[in-house]
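The two complexes that follow have subunit A in common; it is paired with subunit B in the first and with subunit C in the second.
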Partner chain A sequence: MRCDYSCRSDEHVMNRRGFLGGVAGLGLGAASGLGSLFGRSGAASAAMADQGKQMLVVWLAGGSSQLETWDPKPGTVTGGPFRAIETSVPGVKICELLPGTAKQMHRMALVRGVNTKEDDHGKGHYLMHTGRPQTPGAEHPHLGSIAARFLNPEEGPLPGYIHITPGGGGLGGSEAAILGPKYGALYLGNGQPPNNTGRPLPPEADAARHALRRRMNDRFATRRRTAETDAYTTTYEQALQLMERREVFDVSKEPERDRDRYGSHDFGRHCLLARRLLEAGSTFVQVTHSNYDTHNENFAFHLEQLGEFDQGFSTLLDDLAQRGRLDNTLVVVMSEFGRTPSINYLYGRDHWSAAWSIALAGCGIKGGAVVGKTNDKGTEVVDRQVGAGHLFHTYLKAVGLDAKGDFLVNGRNIQVADPAASPIAELLA
Partner chain B sequence: MEQTLHDRLKGNEAPFVSQFGRAAGQPQEASDSTVHQALFLANGEPVNSWVDGFAGRLAAIADNNALADDLYLSILTRRPSQEDRNDLVAYLATRPADRKGAVKDLAWALFTSSEFRFSH
Partner chain C sequence: MSADPSAIDPAKTHLVKDLVHDRALVSCRFDAQGRFVFAGSEDNSVVCWDLASGAKTVLAAHDSWPHALASTPDGQTLLTGACDGRLIWWPCAAEKPSPSRTIEAHAGWVNSVAVSPDGKLIATAGNDRLVKLWSAEDGSLIQELPGHPKYVYQATFDPSGRFLASADIAGLVILWDVSVRKEARRLDAGKLSKYDQGQGVDYGGARGLAFSADGQMLFVAGLIEASNPLGAVSNPALVAIDTREGGAAPFLHRPKDDLKGVAWGVKPHPGGFLIAVTGGTGGGALLFWKPGEVNEFARVALPNTGRALDLHPDAIRVATAHHDGHVRIWSLTEKPPG
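Entry: the complex of A and B
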C-alpha cells in the first residue's frame, strides 16, 4: 500500500505493510494471543524490552525544598529544624527526613548546583519537562514524549509515556507537541486504569467487528489516506493493545507484602504501579507526588510528604536494582524549582530557582556522584552551576539518545535538546 | 423544531466534549486523535447503546439493499458502493440468527471508521 505522505522511503512502505498485514490477520484468529501478534515473535520482543532503555521520573509537584532533601544546611539561619544524616556514600549527607533513600545513595547522583532562573509554577514545569524556556508560539515535546517516540519500539505493548497522577486522569496529547498526539501522555488518575478498557462484547465478537472496521478503513484509504487518518486508525490498534493489557494497570495484582513495603498511601501504591508498568515494558513512567508548594508550614508538610516519598521511592529504587532493571532505567527526581533559604513568617519557604537540587539514578548515571555546590546558607551556587538544558542533555545522553541530532518530523527539523547546552559529564558513568 | 431536537440531543454532549474538547482557551485541533478517544468510541457506553437502538430499527428492514442504503445514508450521508453492499450482505450471512447484532456491528464499524471521522 503506497504511502503518499511523509517520507515515501521503501523502508517506510515495508514497515507500514508489515504492521497492517500483521494487524489485519487478527480479526480472523482467536482473541487470545493478540499481544504477540502485535510485534515480532514473543521471544524477540521480550529481548527488546529487556535491552530497551526506560525512564522513571518522580515529580515532586509544587517545588520541593532542597534544604529539606538533597542539600541540607543544618545549624544555619536558613537550615531549619532538621538535621543531616549520613548516607551509604561516605561524606555525602542528606536531610534526616530521607532515611530510606540515604541507604540508596550509592545508586544515586545529586546535582546541587541547579539554577533555572524561573520561579513560576507553569513556566518552571515546562522548563523542567522540556529542557527549554517557555516562549509564546513555540511548543517543545516533553521528556516523556521524546522517550515514547525514540525509545519505545514501534510495536511496544504499552503507550510510551504514562503519567500516574494523584488526581485527574484521562487525556493527553499536547505534551508531545510536534511529535504528534500518539506520543502524548496517558494519565492514570490516582493510579486508576484508563477508562473504557473493558470490552462491551465477548472477545470473538469484538474481534469480528474490529475486522469489519479495518476492512472499511482499508477501502477508504485507497481513496484518501493522510497522516491524520493513519493516526486515527492507529489509535484503535493502541486501544486494543491497552485493552489486552489492562491487567497491567491493576496494582492489586501485586503481592500484599509488596504493598506493605511501599506504604499504604497513594504514593506508595503509585510507586508499586510504576514498578509493575516498568516490568511490563513501559518506556517512560512518571509518578507525581503532591504537594510540596509549602509557602506555609514548610517543615510540617515536608515531614509528612517526604515520609511518604522516602518509603515509596527507596523501595522502588531498591526493587529495580534487585531485579536487575536499574542498569537500563534512568531515574530522575525533580520539581519545578526549589524553595527559599529564608524562612517566612508562616514557617514556610517560597519559590526559589537560584540554587536548588535534583537527584538521579540508574542507567548511565555514576552512583555516588555529587555535582555542584552551594554556599553555607544555600543562597548561591558556588561550583558547577547548571540549568535545565544541561540536565535535559544529561538525561538523553544517559539513555543513549542523540540530543544534538536533528529529527525530521513531518518535514520539520527539530533539535531534541537546546543546542546551547550540553550534558553534565561528571554525572555520566 | 430545531430547538426541540437540540434539547433532546443535548444530554449526549457531555461525554463527547470531555473526550474531544479542549480546556477553555486552548486551540481546538480537530485532527488530533488519542487512544482515549478510540477507547471511548470503541467501548464506551454512549456509542454502544446508540448503535444498539439504531440497529433495532434497521434490522427490521428485510431487504438488504434497502438496509444498506439506510445504513450508509444515515451514517456516512452517501449511498453504498457495490463493494460496500457485497460486504454487508456477506457479513449479515455470517450471523443469520442474529440480524440485529450483525447490523449493530456494521453501524459501529461505520461510526468508528476513518471515513466517518474525516469525510464530513
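Entry: the complex of A and C
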C-alpha cells in the first residue's frame, strides 16, 4: 500500500517528537496536527510515548517449539525427550535446553496461552509482526516500523528499525506499509555492515556533493514532496550518518571476553551486535535466528539451535540489565507459530498455532509473570487465551505508545492495533 | 530357531513375530544369548519381550528416551542409556526388573552404549562430545576420551576388543586403542553429514556403526543428499571404511533409486552381506548390500517407518523397531509353506 501523503498536510511537517510524551509540552495545537496520521490520538495521546524507549525482538524463524522452550510437558505423550528445569522464579519451569535463560526468568514474562489460528509461515509472520491477520488489499506496518516512526528521534543517529538476519532477506521497505518506506528496516545480512558505507571520495568532495544534493532536494520538495522522496532524502541522510558510524556494526570492536560470552556462533555474534546497536541509540533491533521449522528431527535440531539461542540471548538480556538498559528496552521472543504437541514419525513436530507461547522482558513488563495455561498435553489453551492482537497491544503499551491511535489511510481511520483486542494487563508492570 | 546357513535368502525375508507396545519406539536390541528383545520407547521405558513366550515386561527408570541399549556377552545384564544422561544396569531375566546400578554418565544425551567382547568394559557416547569407558563390574569411570568436536552419536568395539570406534554428527570417526586408552587414528564418514547454511544446522552423522567380523571394516549408517534437513529430504546410505593404515578410500553404499529417508542401523551378516534399516518419508525398508556393490541386492518394505535394527545371535532373525510401537521380528529365510 502506497503511503499517499503528497497532500503536504500539517502532520507531515510535524516532527515525530510530537508523539512523544517527553515533549507533551508541544501542546494541543501541535498534537492536533497529528490527527490525520495518528489520529484521534490528538492531545490524549500526545503523551503516549516516552523518549528513550527501545525494543529488541528475537525472531525464531520457522516456528520454535513451545514444548522445547517456554511450556514443557515432560513425561506426557507429547512431552518429547527433554526435561523441565527450575528457573529464578520459584514454581516456573522451562525446558532444560534453556539453562542460561532460566537464570533470567525473574526479568522475563511468559505468555503460555497464545492461539493465533494461523499455521502458514507467511501469514503467521505477518500476523506476529503487525498484530493483524493478513487480508487482501490491506497492509499494516510492522512493529519495527511503528517503533521507527514513533519512538525514534527524527534526527536519530541510526535507522529506527534494524534487522539482523542470518543471511540476506528483507521486505524491500514494505514493512512500513502506510508509514512510508523510510520507516522500513535496514537489513544487516549475517550481521555485516550495510553495503557501500565506505567513503569512495575524499571528505571535501563528498561534502560538496551532498550539499548540492540537499539544495536540489529542498527545491524539489517544495512542489513535489511524496513519501518516496522523503524516504530517498532520509535514506541519504541516514547513509551519511552510517558512513560516519560504520564501526557501530563492527562487533570485533567489542572486548574478546564479551565475544566469548556470547558464543562463537553467528547468533551469539548477532546478539552482541544487537547490544552494540541498542547502546548506540538504535530504537528497534530485530535479531532472527534460523531455523526452527523442524518437521524432521525436532529434538536434535532444537538441541542444536536452542544451545545457541540460550547462550546469546541470556547473555544479552543479562548485559542489558547490568548496564541499566533493560528498564527502557522491551524484549520480545517470538515466532510465526509454535509446533504440534504430537510427535510425528520423523521425530518432528509440525506447525501449530492453537496453543503456544512467547516470552517478554524489560520495559513495562512484570518480571516473573506467567499468563495463560495449556492443558496437560499442551493441545489447547485452558486459561487466558490471547491472540496476536493482544500481544501487539501489549508491546505498544509497554513502551508507552497508544495502540488506539489512528492511521489515516485513504481518508479512513485505521487503529494502530486491532480494535478487537486489548493489552494483557497481567503482563504489564 | 535354527536354519541351515544356506537357507539364508534376504530376498525371502518375512515376518515371524509382531510385538506391540502402546507408544512409539526408538531403539531395539537382542540380548547376547538371544532370549529377549528389548526396545526403548518414547514413554521413557525399555520394553522387554521374552522371545519364546512373548511375555512383556516394562523396565521403567529413565526420565527420557532410551536410545542406547547393549547386552553383556553372557546375556545376564542389559545396559541402557537415555537422553537423561544416565546409564543403567538391569538384570535381564528378572521377573520384575529394577536397576542394579544407575550412574550419571554424560552431561546431556547418552546416544550409544557398547560392551567389550570380554564383557569387562562399557563404552558410552554422548552429546557432551565425550566417549567414556566404564568398568562393567562396578560402574566406575575408567577413562574419558575427548576428541570429538561435536555430538558423538555412536560407539562400538571391534571383535577383538582392542579397538573402539566412535562416530559423531559430522561424520568424524575416531579409532581408539583401548589397551592404551588413546586415539589410534581418525577415519572419515563425512559423506554422511552436512552443515546446511540456509537452515543453520548440522545434519546427518552416524546413525549406526558396526565392525566386520574380522575387524578390518567399519560400517557407518546414515544419510546423504540432505537437500532439506528440516523437511526430511535425504537418502539413506552406508559408508564402508577400511580401518587399516593406508586402507582403501571409504566406499558409499546407496539405494538403487531415490528412496527417501535415513539408515538408522547397520549389521554385518556372517553370510557376507550388510543389513540396514531405513525410515523416513520414503517409508521403512530393510536393505541388503554386498561389499563393493553400490546398490542393494535385496530390499524388503516394512509396514511402518524403521527406527532401529538388530541381528539375533542365530543370524537368522532380525528385529526392527518402529514409530507405530511395534517390534517386528523377521526371518531372513523363505517362509515355510502353510
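One rule holds for everything that comes next: the second predicted complex is superposed on the first by the 350 of 429 C-alpha atoms of A that agree within 3 Å, B and C clash if a C-alpha of one lies under 4 Å from a C-alpha of the other, contacts with A are read in each partner's own complex, and residues count from 1 in each chain.
Following the convention adopted for this analysis, a contact is a pair of C-beta atoms (placed from the backbone, for glycine too) under 8 Å apart; a residue touches a chain by one contact, two chains touch by 3 or more.
Keep in mind that what you see is a predicted model, and the values were worked out from it rather than measured.
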Practice prompt. Classify the contacts of A:Gly75 with the two partner chains as first (subunit B alone), second (subunit C alone), both, or neither.
Written response: second
Discussion item. Can you tell me whether subunit B or subunit C touches more residues on subunit A?
Written reply: B
Item to complete: Check whether A:Tyr345 is in contact with subunit B, with subunit C, with both or with neither, and answer first, second, both or neither.
Response: second
Worksheet item: Which holds for A:Asn195: it touches subunit B only (first), subunit C only (second), both, or neither?
Response: first
Discussion item. Under the stated touch criterion, which partner chain does A:Gly372 make contact with: subunit B (first), subunit C (second), both, or neither?
Written reply: neither
Discussion item. Output check: A:Tyr232 vs subunit B and subunit C. Expected answer is one of first, second, both, neither. What do you get?
Written reply: first
Fill in: Which superposed partner A:Gly63 touches (first subunit B, second subunit C, both, neither)
neither
Worksheet item: Of the two partner chains, subunit B (first) and subunit C (second), which one does A:Leu303 touch, if any: first, second, both, or neither?
Response: second
Worksheet item: After lining up the shared chain so the two structures overlap, which partner does A:Asp293 touch, if you call subunit B first and subunit C second: first, second, both or neither?
Response: second
Fill in: Common interface positions of subunit A, toward subunit B and toward subunit C
none
Response to the item:
Per the touch rule above, subunit C residues touching subunit A in the complex are 23-24, 42-44, 63-65, 82-84, 109, 127, 197-203, 229-232, 279-281, 304-305, 323
Worksheet item: Hey, which residues of subunit A end up touching subunit B in the complex?
Response: 159, 170-174, 181-182, 184, 186, 194-200, 205, 208-210, 212-213, 215-217, 219-221, 224, 226, 228-229, 231-236, 238-239, 242-243
Worksheet item: Can you list the subunit A residues touching subunit C in their complex?
Response: 62, 74-75, 77, 81-83, 166-167, 266, 289-291, 293-297, 299, 301, 303-305, 343, 345-346, 348
Worksheet item: Can you name the residues of subunit B that touch subunit A in the complex?
Response: 18-19, 26, 31-40, 42-45, 48, 83-84, 87, 91, 94, 101, 105-106, 108-110, 112-115, 117-119
